[in-house]
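Heads up, there are several structures right after this.
Below, chain A partners chain B and then partners chain C, in two separate complexes.
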Partner chain A sequence: MFEARLLKSGQLKKILEAIKELLKEATFDCSDSGIQLQAMDDAHVSLVSMCLKSTGFDKFRCDRNLSMGINLESMVKIMKCCSNDDIMTIKAQDNADTLTIMFETKNQEKMSDYEMKLMNLDQEHLGIPETNYSCIIKMPSSEFARICRDLSQFGDSLVIACTKEGVKFSTSGDIGSANVKLSQTSTFDKEEEGVTIEMTQAVCLTFACRYLNLFCKATPLSTQVILSMSGDVPLVVEYQIEELGCIRYYLAPKIEEDD
Partner chain B sequence: MGITGLAKLIADIAPNAIKESEIKNHFGRKIAIDASMSLYQFLIAVRSEGAQLTSADGETTSHLMGTFYRTIRLMENGIKPVYVFDGKPPQMKSSELEKRNDRRQEAQKALEKAEEDGNATEIDKFSKRLVKVTSTHTAECKELLKLMGVPYVEAPCEAEAQCAAMVKAGKVYATATEDMDALTFGSPVLLRHMTFSEARKMPIQEFQLETVLETMEMSRDEFIDLCILLGCDYCNSIKGVGPKRAIELMRQYKSLENIIENLDVKKYQIPENWPFKDARRLFIDPEITDPESLELKWVDPDEDGLVKYLCGDRGFAEDRVRNGAKKLLKSRSGTTQGRLDSFFTVISTPNKRKIEQAKTTSEANKKSRKGNFAKRGRPLK
Partner chain C sequence: MTRKSKKEEKFVEQESTVELNDKYRFLILPDTLTKDQNIDKEFIKLRHPQTGQMALFLYSENEKKLAQMRSLPFSHRSFFKESEVIPINRIDFVTLVDPLFIFLPYLVKCSSMFSPLDQILMDEELPELNNLLMKLSTLTNIQQVADMKECADLTLWQYSEKKTLDWLSPKVENVSQVLITRQINVNPNAAVSTSFKLSDTKSIAKEHYTRYAFSLISEYLPIDVQKSLLKHLGLPEKVECNKRKAGGSITDVNKKVKHSDNHDDEKPYKVEKVVIPKISAKDKALKKAASGTRSISSFFIKK
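For the complex of A and B:
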């Protein structure tokens, strides 16, 4: 038996919005420590890794480990049927073919439940090695979303160059080129508004704008975003979800042809 | 051709070994293409009003047309193709080749008859059966590939065997052919429908040998024996043993020697002096060029050379050829998107429930084709 109760269904709604463009379907692995999801997009360029801690839920029970194949589009449809501050409960039997999602309003005057068919999915887990990243950039998530959106008008690829002075985003295309440079903020009132850079070595990598823009769908989940980079390894874009867990996106860099 | 009924058998008992995906999902990969197979496809499929395309003096150009445009399509999708041509056929294939020759002669007769009757569909059918890849075709193709800047390899013997060795050595990601015997030769990954026309919208089928063996619970040697039992190009199979019986026999007796010892001779006739051991050796240790000695290099296309070669007598439109050359050049320039699975190791966990379900359903429903249950992404019933 699996049961999880979340006081704000809006949180899960935002999570689904943040991954549904990259993944059509995904397996949610439930255990007593929480819910995990790891999946690559069809083209195997990016990977979504999500982890929701059991302690972040109002109530969480998982007797046996359970893998649920879920069509995200269908789940989004169900989530559209609730308001953001409804209380939500997800339930499934062991070895179940279906998942039950229940919503109740705060005053308990309205209750609704939905049953969704589960799917058999091929799972392709990736072993991600522990990496000490050369550059770790923390910045406001809305700023990052803005830069990605603005610069993607000019070209398909975005170059992210991180040096001691700061981080530079640049792109070029048919109409010309664009550069945005952010320096580390020295004084700031609120922590979430600042830009901080931890760096051991300068890094410069090129990424596809399309994917970065898809990652930015997670912006409503967190005020800050953390970018981790090292030479010739995938970029990590991380959003912390308050009290509940985090979403990490991995993106393979574009590489120069050698032959 | 290839292994009789192997694709269907794998779809039935190891559906998790087959993945279908769009061509663009294979970007960034180097792929060895069985050239004789693709030339044959082009000669059959690239036609206009039922007849092959020809140059001003009546020489066929279908194969050039196909090679040119479909290679461009692959390159545009970020795939780096390398063509592998057949060398001399192995001795053991002679009886198979003879059979094919006989069939061709039959088709020739049927064609003449159809022409007499003026039956257009019959003429079309039999003229397609007469198609043969000649040495002129291959020579012309090699010339074309050279101008396009696409590498090719001349296998000493069977192209599939050479492809398989190149995949094993990590030189390329997969073998692209329709012949299932690439798996028997030990190619870890086999792609089908790679050189099909875009208009057919066929998804690319990807077969993973390791998953096939794991799900069938077989070693590679047992798998080779199974393929010989199913029917390969190099020797006869046992009459009356179909795919179902073949897999049962292999599961029970584990090797062809054991099967021969235990098989009911009254029911099944084992061919006299059955050369299965030679066929097996051919699959395990085929004649190949050491993949490490091959240098695969993709270079810029020679636009003027292509125009000179394809236009003029061969009747290709110059603007289209120049356009194609530009596309080739563009696909080579700039940066390419990296694949995430080349940075991280893939740990596939086969979906146990799906395999079990496939097993029970195929038993329950013997006539079932590749039923829906095996497809990815279907809701549970």
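For the complex of A and C:
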């Protein structure tokens, strides 16, 4: 059987918020090392890869590897029924077709449980090769979300150009063009508040703004975002989830400019 | 009707078609389908353009003809075939139909944009019809009801209401002329009688004839087209009480308006099929955003 207890159900809530708009349904692969999820969006342009380590849970038990096909919309509905600091327990029998989610308040005065039907999903797993990225940009996640949101007003595509001087986000559209340049922060108190760029080669790639905006839904999960880029390979947008794991979004670059 | 007498009566014993449960049927075929003795005629099921239900059609590939079967129950009758007595339960009238009528619902459905023919004539629920529909499309001239656009090596079509109405109006006019010349009583207030003919046709308003002719033709039209045709004919919209089963009248018109010629200019084109599931505006926008981006699976290895 599978059982996982999470002290802060708010974390899972945020994770679901971060993926529910890209994916309608997904398979959660549970093993004794944790829970993994990998899925492409409908258009097969982006890929979400999530990994929750078993050590991040208060209690974690998984006797047998288990793949649970979950309708994320339904799961979000259930997660709406809890408050952020409720303790949450997920349970499933081996070969079960339902998943039980239980919430308890900290003082144990209120307990609620929900049972959700599982689905049989036919999803292909992709092997993601180890890549040495030419540019790795670390920046505050809120800053990245802000830039994506601001620039998406101007155009559908966002050009991310990383050079020695810094990283430049630019776009253009009917009303004109917009550019945001970020240089490395020279002094910062905390690492996650600054912008750092590790670069071996300059890279300039174009991406669909709408997808980047959807990735930014993960902003509440982490104060820092890591963007990894190399010429002609997908961009990686990574958010570390404190103690629990990480969520990575892969987005293929645009090959042609929209008119 | 005199036209019926031109038809050759033929007795056909049905064995192969499963749908035709009766062992013995009495078919009345039009001359065009009996001319040569090629037995390539087959019974096929297509969606009836008005109801969307499956209806039985007779299709001859060699003669390039499509005909509809309409059955009348005809019980307690028998025929002599030489010295054998053969009971029959029903009479089937086989009348030629322009495949354009069959296509109309499909065209109307895809009327929002220009599309290749094989994407228009696509039955989502019954994909086995797709090939058949494409085959039938060579029997008729789609240009009569649709606008054509050539784009690179593709020919794209879009339903044109104006053309359709221009194509249908003469049919209505012709049917009403036939009704007038044959002095068929169509007054909605009078009992329909074939035995008694009115001596004075002028006493019945022409509108009655047009409306009756319209009701005959509209049995082959999707509701939307019916409405616009009614408007086009200048008839007030009212619930009709003199609608009756049309029998073969519609094809009489079809024969008059010559359009069953073969048009070889419409070839089927191979285009990637676009699957259209129900999508919200958000999904649509996301799909649009995804255009111009390579598939992510081309970067990663499938396990």
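By our rule, the second predicted complex is superposed on the first by the 255 of 259 C-alpha atoms of A that agree within 3 Å, B and C clash if a C-alpha of one lies under 4 Å from a C-alpha of the other, contacts with A are read in each partner's own complex, and residues count from 1 in each chain.
One rule holds in what follows: contacts are C-beta pairs under 8 Å (C-beta built on N, C-alpha and C of every residue); 3 or more make two chains touch, one makes a residue touch a chain.
Only a predicted model underlies this, so the values are computations on that prediction, with no experimental measurement involved.
In the model built by aligning both structures on chain A, chain B clashes with chain C. Contacts of A:Ser9 after superposition on the shared chain: neither chain B nor chain C is touched.
By the touch criterion defined above, A:Thr171 reaches neither chain B nor chain C.
Contacts of A:Glu21 after superposition on the shared chain: chain C is touched, whereas chain B is not. In the superposition on chain A, A:Pro253 makes contact with both chain B and chain C. Using the contact criterion defined above for the overlaid structures, shared-chain residue A:Thr219 touches neither chain B nor chain C, since it reaches no partner.
Judged by the touch definition given at the top, the superposed model places A:Cys209 against chain C, while chain B stays out of reach. Contacts of A:Asn71 after superposition on the shared chain: chain B is touched, whereas chain C is not.
By the touch criterion stated above, A:Val45 is placed in contact with chain B and with chain C alike.
Stretch 129-137 of chain B is the one among 3-11, 129-137, 165-173 or 219-227 that clashes with chain C after the shared chain A is superposed. Once the two complexes are overlaid on chain A, the chain A residues touched by chain B in the first and by chain C in the second are 40, 42-47, 124-129, 157, 208, 233-234, 250-257. Chain A meets chain C in the complex at residues 21, 40-47, 124-129, 156-157, 207-211, 214, 233-234, 250-258. The touching residues of chain C, when paired with chain A in their complex, are 282-283, 285-303.
Looking at the complex, you find that chain B touches chain A at residues 16, 19, 21-22, 24-25, 27, 296-298, 332, 334-351, 353-354, 357, 376-380. The touching residues of chain A, counted against chain B in their complex, run 24-25, 40, 42-47, 71, 97, 117-129, 157, 206, 208, 233-234, 250-257, 259.
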